[in-house]
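Consider the two complexes below, in which chain A is the common component and chain B and chain C are the respective partners.
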Partner chain A sequence: MNDGLITTVLIALLGGALRVSTPFMFVALGECLTEKSGRVNLGLEGTLVLGAVVAYATSYHSGSPWLGVLAAGGAGAVLGAIHGFVCKLPRVNDIAIGIAMMLFGTGIAFFFGKAYIQPTAPRLEPLSLGAWTGDAKLATALQINPLLIVGVIIAFCMWWAFANTRWGLLVRMSGDSAPAARAMGVSVDLVRFLATAGGGFLAGIGGAFLSLYYPGSWNQGLSSGQGLMAVALVIFARWNPLRCVAAALLFGATGAIGPALQSVGVTQGYYFFNAAPYILTLLIMVGSAGSKQAAREAPGELSITK
Partner chain B sequence: MGAPKAMMAEPLIEPAAVRALGLDASRMTKTFGSLIALDDVSFTVEPGSFHALLGENGAGKSTLVKCIMGFYRAESGALRLNGEAVEIRNPRDARALGLGMVYQHFTLVPSLTGAENLVISRADAPAIIDWKKEKQRLADFLDRMPFRAPLDVPVASLAAGEKQKLEILKLLYLDQRLLILDEPTSVLTPNEADEILGLLRGMTDRKEISVVMITHKFREVTAFADHLTVLRRGRMVGGGRVEDMSTGDMARLMIGDTQITTRAQRTEQSTGATVLELVALMAKGEEDKDVLNCVNLKVRAGEIVGVAGVSGNGQSQLMEVLSGQRPLSDGRILIRNQPFEPTREAFFKLKIFGLPEEPLKNATVPRMSVAENMAFRSFDKPPNASFGWWLSAAPMRARARELIAAYRVKTQSPDTAIGDLSGGNVQRAVLARELSGDVDVLIVANPCFGLDFASVADIRSQIMEQRNRGAAVLLISEDLDEILELADRVAVMSEGAITYVAPIGETDRATIGMHMAGHA
Partner chain C sequence: MEPSPWRGVLQRLRRDSEYIAIPVIALVISAVAFSLFLLAIGKAPLVFFELVHRGGFGSAFSIQNTLQRAAPLIFTALAVAIPARIGLVMIGGEGALVIGGFTSAAIAIPMLDRISPMPTLMIMALVGALTGGVWIGLAGFLRHARGVNETISSLLLTYIGIAVMNFFVEGALRDLTNPNKPSTKPLGDAYMVGKIPGTDVHWGFAAGILIAILLHILMTRTTFGFAARVTGGNPRAAMAQGLPVGKLIVICSMLAGACAGLAGFFEVAAIQGRANASIAAGYGFTGILVSFLARHNPIAIIVVAIMFGGIVASGGLVQRRMDLPDATVLVLQGMTFVILLVSETLYGRFAFFRIDEGRDRT
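Let's look at the complex of A and B:
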């Protein structure tokens, strides 16, 4: 009996990890790219929310959810580009601009999103990878969103590119030693501009997942700070795209603790368990503050590590 | 003037018997606002020569090479490479023409490996890097070089000498055939410096490269350079073949007619009792590494103990420990056999004063006024304060005026922000604060770094004066000449420990150098 309960909970956690980790993953990968280039973009929460509404609206009007995903990425890239552009002006602090961009992003998302709370847009279809198990619960848990797979592929590409491509090395160089990059004739501002825009593109796609897959509708409380948590997650993942994926899955799983326990009848502390990802974020921040390993792997040009 | 005729037609890339580039910069002028940084300077480097560029800080050496490298554009003047007129608009142009520069500060990216640094520095770095092929090419390249450096570990983990070698290897890898080195040996042990400069000299003798070296070390000029040019206040004041000049001539050219205040003479005196004693000091740095590894040292009254060592062997950390900026993990500091905690109270009671390195950062608040900064030791004591907390500005300002006059601090008024003063004047202002009272213990670190001759002589004589008055002086310096000039005893610091102590009369540069390198 007990075993059955544990299995149920574990399956629910697995399902949760696979279901809700995708936006964490995309935002974290985007932030990872931006931070590797030496800049922090705290505005990705706003990017996530704007991406969600743009994806929903595009999907509603065009009938194609994938077009919505691309549009969300485009909107994110624009927000990232604004951040990247403003930050290269003299004496501009990227943290302050990030917070401003976060408020700006959520603001315009709410403004344009009013009209899309009611209508229903076509959503992304899941891939059923669990049919072979013959277990209904497991099959449900293994219903995987195609964006998750795309995210994992992007993570591997980024990991490979940071070590094996000219662009990857230029990004790392700009993030670790801007004077060295400049002495080499590299335009650090351009690299960071592009990295921030690229990071915004990924975060926007994360937003598309929220409105087009899970929870799968547009409302103002959609993100509830996931974009901010993803920034913390990058520190936890120590600026490694593969570890970003693992960390995103871990966050997804903790987010599913509450519903998983509820599904087996543990209703006490439901809201407490729902707060698990936030508590985890706090613990990670405290834990990594003293971590010398994390300090060593941090890009040297980040304003938070300087 | 001008390169030999045979060189003129040589294409830039094709390997030839003489690959070194000749440079001819004529009548270069560059102004920054009202300051004339370069005034009609002409400068010729023959192919395959090792050319020293001498001058004090602010003489225009850096401006000259930055104009050549395309960081600045000179208002007038012309550049010729191997006799052909060239225009260099930015550093990229300079690189394409075969001019490379090694900066005082390393330009390698710390988190990238040596191999990654080299490959990405190439203008034609491939979009997708085939590491197998590149590693092979790098190995072939290293086989042709007179020296090597590790390529497979992140640059951050290399020693200073290895980094410097890698910087030079990078330029050679990029096929730069005129290398400009900006004080290349400041972070190296004497042995490392001799090795690297000797190898470069060998390459110039084989006419593979030409070298321009900015320096103020006469020893390196006479040992390695064949030509020199001396700049003073933006003008070219002399030059020629090194063998035709004595170091006295060079010094005269560099300093000009500036009056040097007479040095405080070392009075012969018997040293007193031990005042400052460091017992097994241990301290940790980043990643829990021991940056101080059991430092033992005694300083007696009326003597200067000079701590020599290559930059980064724990000297900064020792200074930080002594001034209370870094906690000790073990060991103790004794003043007259009493345990000492670096608190403001104890500094005041035991009359301990100090001049840390980079005083603008470590001993002042840049945006506060000169008067306020000068009152840091005394602002809460009468007459500056009543009841210990009610401060009055007038006595502080009056005292600052006295000190400014006595220590010849050049400032517009006592109310000027100290950050607006020049380096030498910040140094003097802090010294004025620290030396104005009764000093029992004086701890100074790199007191003359980056200063002109007049300030250097001035500050050294102040330190000597304190010694003559009976203070115990600990002088931590990366400038061996300074230690040889001032110290009564020399201690060498290597890898966080004092590895050698000797009276100044019983040791010499070579022995100290050996210990600095840790080979003894």
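Let's look at the complex of A and C:
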């Protein structure tokens, strides 16, 4: 391969990272919020799919994609609220409920989504930030979707809020030591309920991106495990919203390896590269799960790392 | 007064009936919730349940169809139940099913027409069980060795398994004479698993029941099963007792994967006749619900699997007659699963099931 090809592939990877990282980012931020409060929501894959169909349907009927984004967030918040409410009951296993909510969310989405496979809904418009480069390929790669920017802003807000606000402290305290939080008169259940609903809201927006921006239509194969990978990603990002953004970009780039190589004529192993993000997630989990650093930064109440 | 010798037995029955009563209550509530859902979208719930009854259990034909679909569910539910006994939430049955089905179809290709059907099928089953076992065994190993959450890793392995199958089925192992759907070379009628004599149900159903019984004996009547259950109850205590926790976890995971791999083998060798995307039909996911409903008890799994086999089998009829999308079954399953898990909170809350041990002695 000569330099020209390598540049093409790298630009395609950059474009891919900026294009497909958004759902990872939103789900990871949502899960980050939930896990910081000491609860795990494995069902965000279902939330992502339901968010996608709700956003598409709302955009189709109202003509406003941004209303669709909000509706997707709302649907995600409802699923998150159910999860949050159910998990506080005694003897209910949050990991198992997560699996059940994943199946439930996917089922509801497929059920109501059937009618929306055909029609075309108004989509989110990209922002062209690459015109100054004067390079057509780079300009295409730098077409930024507005949700990416929203996601990065939310990540910075969360990062700041965890460290500097009363609410951030409440969430972290509930996550690190429920008895200590209770002793301070904090309702741990309420904090976790709100954090789970909020996490669902963000994951729902991630779904809106899938149906309203890229790939930009609704079908049953829209999400294939992005929600799940994003949950795994939070452990890698060590419960830090800014690292969640970085990890999401890395994942976007990995997902783009297959199409990028295909664009320069390397078609062999296309299906293998489809598996690349999953394999990378697994390797990352192997690498980060056992690390002492991760163990130190994990919220103390989390069942997933025990 | 001497207590009657039957008293203890009756009391134990009364106590244990809680484990049947609460899932049944959960099922009834799920049926009510699903009826409300159907009413909300303007469909008649009674028609739905009548069609499920007719499509799943109404005639000899539909019952055989149901048993046929119960076979993979028994295996995939066992793939959840065995790790659950040792305290793992392993949900990668679908991936082990796909990888087991695919490898058994792949190993058969060079053997067709060279080796007679019976040994070929034996080798296929063995390979399917082995690769499935390695697949879930890997998730168990990573759990023990590196503390990787087995729920996430086993689900990731499912996506990887499906991608691996697609990679080969669309590439090196694709049967070029079949332009419609990327598949491996067909096994041919001579190399298919037969039907149980007198029925239309393939041997996979009988194998599923046999393996469920064997695994039940293994988990309840042997030292291995006891050690596994101790580990499931409290891994630290088990380790302090000197039990080989890591080995137990990996073996239980491998047994689980082997079950799911066998489900894949039977889907390939008894239903599809070749490996293609059709074998990833969601049996692995329904199996999770079956196992939870059966409280991870292999014998109960047989009953629950037949029930859900009926629901799956009636799906087509329900779709056609009521004009409902095929995802209706997913909604029903999802609702049932959530309600069932919520019902866990009811254990120990009803005085009826509690036995006052001390009462007779005073």
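One rule holds in what follows: the second predicted complex is superposed on the first by the 304 of 306 C-alpha atoms of A that agree within 3 Å, B and C clash if a C-alpha of one lies under 4 Å from a C-alpha of the other, contacts with A are read in each partner's own complex, and residues count from 1 in each chain.
We adopt the following convention: a residue touches a chain if its C-beta (ideal position, glycine included) is under 8 Å from a C-beta of that chain, and two chains touch if they have at least 3 such contacts.
No experiment lies behind these values; they were computed from the predicted model shown.
Room for both chain B and chain C is found when the two structures are superposed via chain A, with no clash between them.
By the document's definition of touching, of the two partners only chain B reaches A:S177; chain C does not. Touch criterion met: A:T165 reaches chain B, while chain C stays clear of it. With both structures placed on the common chain, the touch criterion links A:L50 to neither chain B nor chain C.
Look at A:M101: by the touch rule set out above, it reaches chain C but stays clear of chain B.
Shared-chain residue A:G300: touches chain B; no touch with chain C.
If you count the residues of chain A touched by chain B and by chain C, you find the higher number for C.
In the superposed pair of complexes, A:N274 makes contact with chain C only, with no contact to chain B. Within the superposed three-chain model, A:V152 lies out of touch with both chain B and chain C [touch as defined at top]. For the pair chain B and chain C, the least inter-chain C-alpha distance in the overlaid model is 5 Å.
Residue overlap on chain A between the chain B contacts of one complex and the chain C contacts of the other is empty. The residues of chain A lying in touch with chain C in their complex are 42, 82, 86, 89-93, 95-101, 103-108, 110-111, 113-114, 224-225, 228-229, 231-232, 235, 269, 271-272, 274-275, 278-279, 281-282, 285-286, 289-290, 304-305. Within the complex formed with chain B, the residues of chain A that make contact are 164-167, 169-170, 172-173, 176-177, 179-181, 183-185, 292, 295-296, 299-300. Those residues of chain C that touch chain A in the shared complex are 89, 91, 142, 145-149, 151-153, 155-157, 159-160, 163-164, 166-167, 170-171, 285, 288-289, 292, 325-328, 330-335, 337-338, 340-342, 344-345, 347. Chain B makes touch with chain A in their complex at residues 90-92, 95, 103, 105-112, 116, 119-121, 123, 125-129, 131, 286-288.
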